[in-house]
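Next come two complexes built around subunit A: one with subunit B, the other with subunit C.
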Partner chain A sequence: MKILLKDACVYDTVNRINGDCMDVLIEEGVFVDKFSNTKNVDEIDCRGKVLMAGGVDIHSHIAGGPVNVGRLMRPEDKSVVWGREGVVRSGSGFSVPSTFLTGYEYALLGYSFVNQPVTPPLTAKHTHEELLDIPLVDKSCLLLLGNNFNVASYINNGEKDKLMDYVSWMLHATKTYGIKAVNPGGFLSWLWKVDKIAPHEKIPKFDIEPADIIKGLEEVSNRLSLPHPIHVHLNYLGHPGNYEVTLDSLKIPKKRMHVAHLQFNSYGGDDWSSFSSAADKVSRKINQNGKISFDLGQVTLDNTTTMTADSPFEQHLHKLTKMKWSSRDVELECGAGVVPYTYSKKSPVNVIQWAIGLELALLCKNLGRLCLTTDHPNAGPFIRYPRIIAWLMSDKYRQETAKDVRLPGKKTLLLSIDREFSIYEVARITRESPARILGLNPVGIREGGRADAAVYDLEMDEVDKSEKIEEAFSRVEYMIIGGDFAVKEKRVVSSKKGVTFYSRRELGDESMEKEMRDFFRERYSVGISNYLVDYPGIVGVDAA
Partner chain B sequence: MALNLMQIYKLLPGENCGKCDVDSCMSFAMKLLKGEESLEKCVCLYEGDRYAASRTELEALLSETGKVEKTGLLIDEDRCNGCGNCVIACPVTSMMDAGSLSGRGPTTDDVVFRVINGKLQITNLEKCRRTGEQKTCRVCADVCPTDSIEFI
Partner chain C sequence: MPLDCSAIKPECFVGLSVKEIMEFPVGEGRHRGKLGDYFRVSGDVSESVASQRVVLGGSLLRLRRVGEDMAGGEILLEGDCGWHLGEFMHQGRIHVLGNAGSWVGTSMSGGEIVVEGNAGDYIGCARRGVRRGMRGGRIVVEGNAGTEIGYGLSGGEVFVKGVVHSFVGSYACSGKITVGGVVSVGVGGGMRGGVICILDPDFRVPLAFRETGSDESSVAYEGDSSVHGKGSILIQEVKHDV
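Let's look at the complex of A and B:
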């Protein structure tokens, strides 16, 4: 299939193209400089319209156990309904959309890759089945190891080689892409009635601290040369005054660490009544520390479903709001919890949370380390990305919203920041940065690169109008994924399946597998043969 | 649009005459909002035509608040489509009936409200969390797709 996107305004940060008008040629799934022949070319007039590479979401809960519990628990979330239309399947859901709808909505936003950050090893099979069901976008998922009994034991006993063999085997067994640690040591402590644990406190029944788990897993990640650095949800998430713990945690990694949804870890104050923003203090440290990359977790002030493997936090949220609560102990590996929550425009705490996310983005000096996320669906659904882009691009829109929600000006710096993101910077935090941090080696829009391109109905002279920005980014005019149309004239036209990537491992010998067979027989409620994941459609990628 | 205290206060004469047996117009506005007093008690408003325009506007506004429950709940029956989102999302329902945790409808009549004949109807208002410790709960209003639930 040959496609010619004529006179498009290209924003490609990988190749440093900043709004140049050019023709973009696509043939056989890749960008080309010249067509092999000029027959059957699908020519599209993109005069003055914005064209970017396919978006990459580094942190979005789109499949797996907690997401499904959220769907079950909240039939009221199904008020958004898509009917069947041609090849497009039906679907429903606002904060926890069904699998098909997730793929279509991402394609409509111009995204082509989504990383599912939480996969409890025991539910990896379920997660993969759901991921494979999500159409159009490519996916990957990260393995939860921060509260794993075996990991903690190996680190406790100083068995570094064994830890590496174990992680390597687990990545192979569950077909996952990288390592995730959620509230490291927090769940292990919660089992012994300790609600929260700082990075340098002892974990009950072990002789180690959460910092040791982060260090141990980071070392393994480096030794295995995984494409994505260790992805950490820090301790004390969501508690007022947690920024000091965050600053402590940022000192832990030796080489690289990705901090997930930093907004939830940048809180000042002593309790909810004195709750304030500490984004400036956290930003200052991040700007000085070259080892850290982060994503936002921007609150969008919506009714949503919170879900995390940080069970103690979900219990805390349930106690606070007395809403429905689902909590699960995933044997020997981790836990998970789900609680519905509304970020209210009338709640000063929620409004300050909204301001903190924007502050973190606006104060970030190196955009190569910043990724745009809402920690879907924890701080808001991913379909709100266009609104966040509009807030980042327009000071006027931020001020209007702050006035509308009565932002307490003294508790945050947001109103004094007048930085406005350019469309080039938006392309960087939604495309290049997440792709590089995930180790996807983006080549951008140049010959030989995979043809993922999003054409937005936004002309250059309209980029300073916030309403127009939000409207344009909400629905791409054309979306091309892998050289085929996914969206044409703002309508989804394909249900093609994407693939799921995992980090391919060469397992040295069978000693770990043998050991795990015995371990499974002794401790697990499932047999090892039911644990191993192997589906067509899961594609291995080699170490970086 | 929910009615608020200032909307009513601005339309009252503001003379603080005390003829209505309430100390000030602000207190009288508060009592009107809660449905504890009737507008006719304001003597100034009904004397002559001086406040005729305000009177007509206030009467129109307060005809709505007549249906407000003591928790501040106001249901617009014309808008309600009977989907039952509010019944399932209500934290009181989930405390009472574990089935609603996995999305099923309630099997007991003790819930705060139910959908009867396609419209939402209050059955046990005293069970609502707003009468107890969670006075700012507005889960039912947040999940209503037609905005037919409001809290005043």
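Let's look at the complex of A and C:
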């Protein structure tokens, strides 16, 4: 299939193309400079329209145990319903959409890759089955290890080689892409009735601190040269005044760490009534610290479903809101909780949370470290990305929203920041930065690169109109994934399956396999043969 | 197979021709059809919503979601109708000459629904998974109704002349429910506010409610005490001017 996108305004930060008008040629799934012959070329007039590479979402809960629990416990979330139309299958859900709908909605936003950040190892099989069901986009998922009993024991006993063998075996067994730690040590402590734990406090029944777990996992990640640095959801998430703990945690890694949904960890004040933004303090440290990358976790002020492997936090939230709550203990590996939550425009705390996310983005100096997320669906559903882009691009729109929600001006800095993102910068935080941090080695819109391209219906002279920005980014005019049309004239036209990537690493000697066999027989509720994941459609990525 | 008729409401038809109305989407299972495939459409179309009247005849039991989100005008259903009638309705009037199915007036905020026959379960109830139900308006059922009438009621009025089954007014916090009698358990469970009026002097109020006063025609109770609620149950003799 040959496609010619004529006269598009290309924004590709990988190749430093900033709005140049050019023809983009696609043949056999890749970008080309010249067609092999000019027969059967599908020519599309993109004059004046914005063209970007496929978007990459670094942190979005789109599949797996907690997501499915969210779907089950929230029938009221099914207000969005898509009927079947041709090849497009039906689906429903707003904050926890069904699998097909997830793929279509991402394609409509111009995304082609989504990273599922939380995979409790025991539910890896289920997660992969759901991921493989999500059409159009490619996926990867991260292995949850921050509260794993084995990991904590190996670190406790100083068995570094064993830890490495264990992690590479787990990556192989669960077909995951990288390492995630959620509130490291927090769940292990919660089991002994300790509600929250700082990075330098001792974990009950062990001789280690959360900082040791982060260091240990970081070392393994480096030794295995995993494509994505360790992905950490820090301690004290969601508690007022947690920014000091955050600053402490940022000093822990030796080389690289990705901090998830930093907004939830940039809170000042002592309690909910004196709650304020500490985004400036956190930003200052991040701007100085080259080892840290982060994603936003921007609050969108919607009714949504929170879900995290940070069970103690979900219990805390349930006690605050009295909303329905699901909590799960995943054997020796971790926990997970789900609580529905409404970020209300009338709640000063929620409004300040909204401002904190934007502040973090606007104060960030090195955009190569910043990724746009809502921690879908924790701070808001991913379909709100266009609105966040509009907030980032328009100071006027921010001021209007701040007025509308009565933002307490003294508790945040937002109103004093007049920075406005350009389309080029938006392309960077939605494409290049997440792709580089995930280790996807993006080549952008260049000969030989995989043909993922999103064409937005945004004329260049309209970029100062916020409503127009939001509308244009909400629905791509055309979306091409792997050289085929996914969206044509703002309608989804394909249900093609994407693939799921995992990091294929050398397994150590057979002793780990044997040890795990015994361990499963003794301690697990499932047999090891039911634990191992292997499906067609899961693609191994070897170390570079 | 049920028919999704959420497009059938007065404001959708205002100012259109019969031909255009025939093109309206109707869902049958996962397939999408046209209104004209299932109905014969005739009559005049009004210029304003308030004066628009829609009359549905024939076998209506398959119909779902008629009058959803309705904003004015009137719908007359000449027979027994299906589920989800007038959900989220905020203005206007729906009149059913026969029986109605379950989920009548779910989460409605205004307007009036009159059912001349019996009605199913979950009348004036909250949508599944939501705490707050009907917020305003009025539902009248001339016959009997099923379980969970007015679950999570937070405004408006539900009036069932006949008897209802279990769990009337669970988690209600405002509004008024009047029923001719209750044949099973669980009246006002978790109730925090509002009024449940039962026109049956022999009815025995649950223990979680305590008596607060009486006059010659009624006895008042307050509860549910297990949630420190301030809802009230009134036991009254049948009066004809309710």
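The criterion applied here is as follows: the second predicted complex is superposed on the first by the 542 of 544 C-alpha atoms of A that agree within 3 Å, B and C clash if a C-alpha of one lies under 4 Å from a C-alpha of the other, contacts with A are read in each partner's own complex, and residues count from 1 in each chain.
Please note the rule applied: a contact is a pair of C-beta atoms (placed from the backbone, for glycine too) under 8 Å apart; a residue touches a chain by one contact, two chains touch by 3 or more.
Because the structure is a prediction, the values reported are computed rather than measured.
K.L.:
Subunit A superposed: clash or fit between subunit B and subunit C?
P.N.:
With subunit A as the common anchor, subunit B and subunit C collide in the superposed model.
K.L.:
In this superposed model, does subunit C or subunit B come into contact with more residues of subunit A?
P.N.:
Partner with more touched residues of subunit A: B.
K.L.:
Touch test for A:Asp12: subunit B only (first), subunit C only (second), both, or neither?
P.N.:
A:Asp12: touches no partner chain.
K.L.:
A:Asn303 contacts which: subunit B (first), subunit C (second), both, neither?
P.N.:
A:Asn303 contacts subunit B only, not subunit C.
K.L.:
Which holds for A:Glu314: it touches subunit B only (first), subunit C only (second), both, or neither?
P.N.:
neither
K.L.:
Could you say whether A:Glu76 touches subunit B, subunit C, both of them, or neither, answering first, second, both or neither?
P.N.:
Touch partners of A:Glu76: subunit B and subunit C.
K.L.:
Kindly classify A:Ser90 by the partners it touches after superposition: subunit B alone (first), subunit C alone (second), both, or neither?
P.N.:
In the superposition, A:Ser90 contacts subunit C only.
K.L.:
Look at A:Asp138 in the shared chain and tell me whether it touches subunit B only, subunit C only, both, or neither; answer first, second, both or neither.
P.N.:
A:Asp138 contacts neither subunit B nor subunit C.
K.L.:
Of the listed segments of subunit B (7-15, 25-33, 43-51 or 115-123), which one clashes with subunit C in the superposed model?
P.N.:
115-123
K.L.:
State which residues of subunit A lie in both footprints, the one left by subunit B and the one left by subunit C.
P.N.:
Of subunit A, residues 73-77 contact subunit B in one complex and subunit C in the other.
K.L.:
Per the contact definition, I'd like the list of subunit A residues that touch subunit C in the complex.
P.N.:
Residues of subunit A touching subunit C: 73-77, 83-85, 90.
K.L.:
Looking at the complex, which residues from subunit A come into contact with subunit B?
P.N.:
Checking each residue of subunit A against subunit B gives 72-77, 79, 303, 321-324, 326, 340, 342, 344.
K.L.:
In the complex formed with subunit A, which residues of subunit B make contact?
P.N.:
For subunit B paired with subunit A, touching residues are 83, 85-86, 88-89, 91, 94, 100-103, 129, 134, 138-139, 142-143, 145.
K.L.:
Please output the residues of subunit C touching subunit A within their complex, sorted ascending.
P.N.:
The touching residues are 27, 30-32, 127-130.
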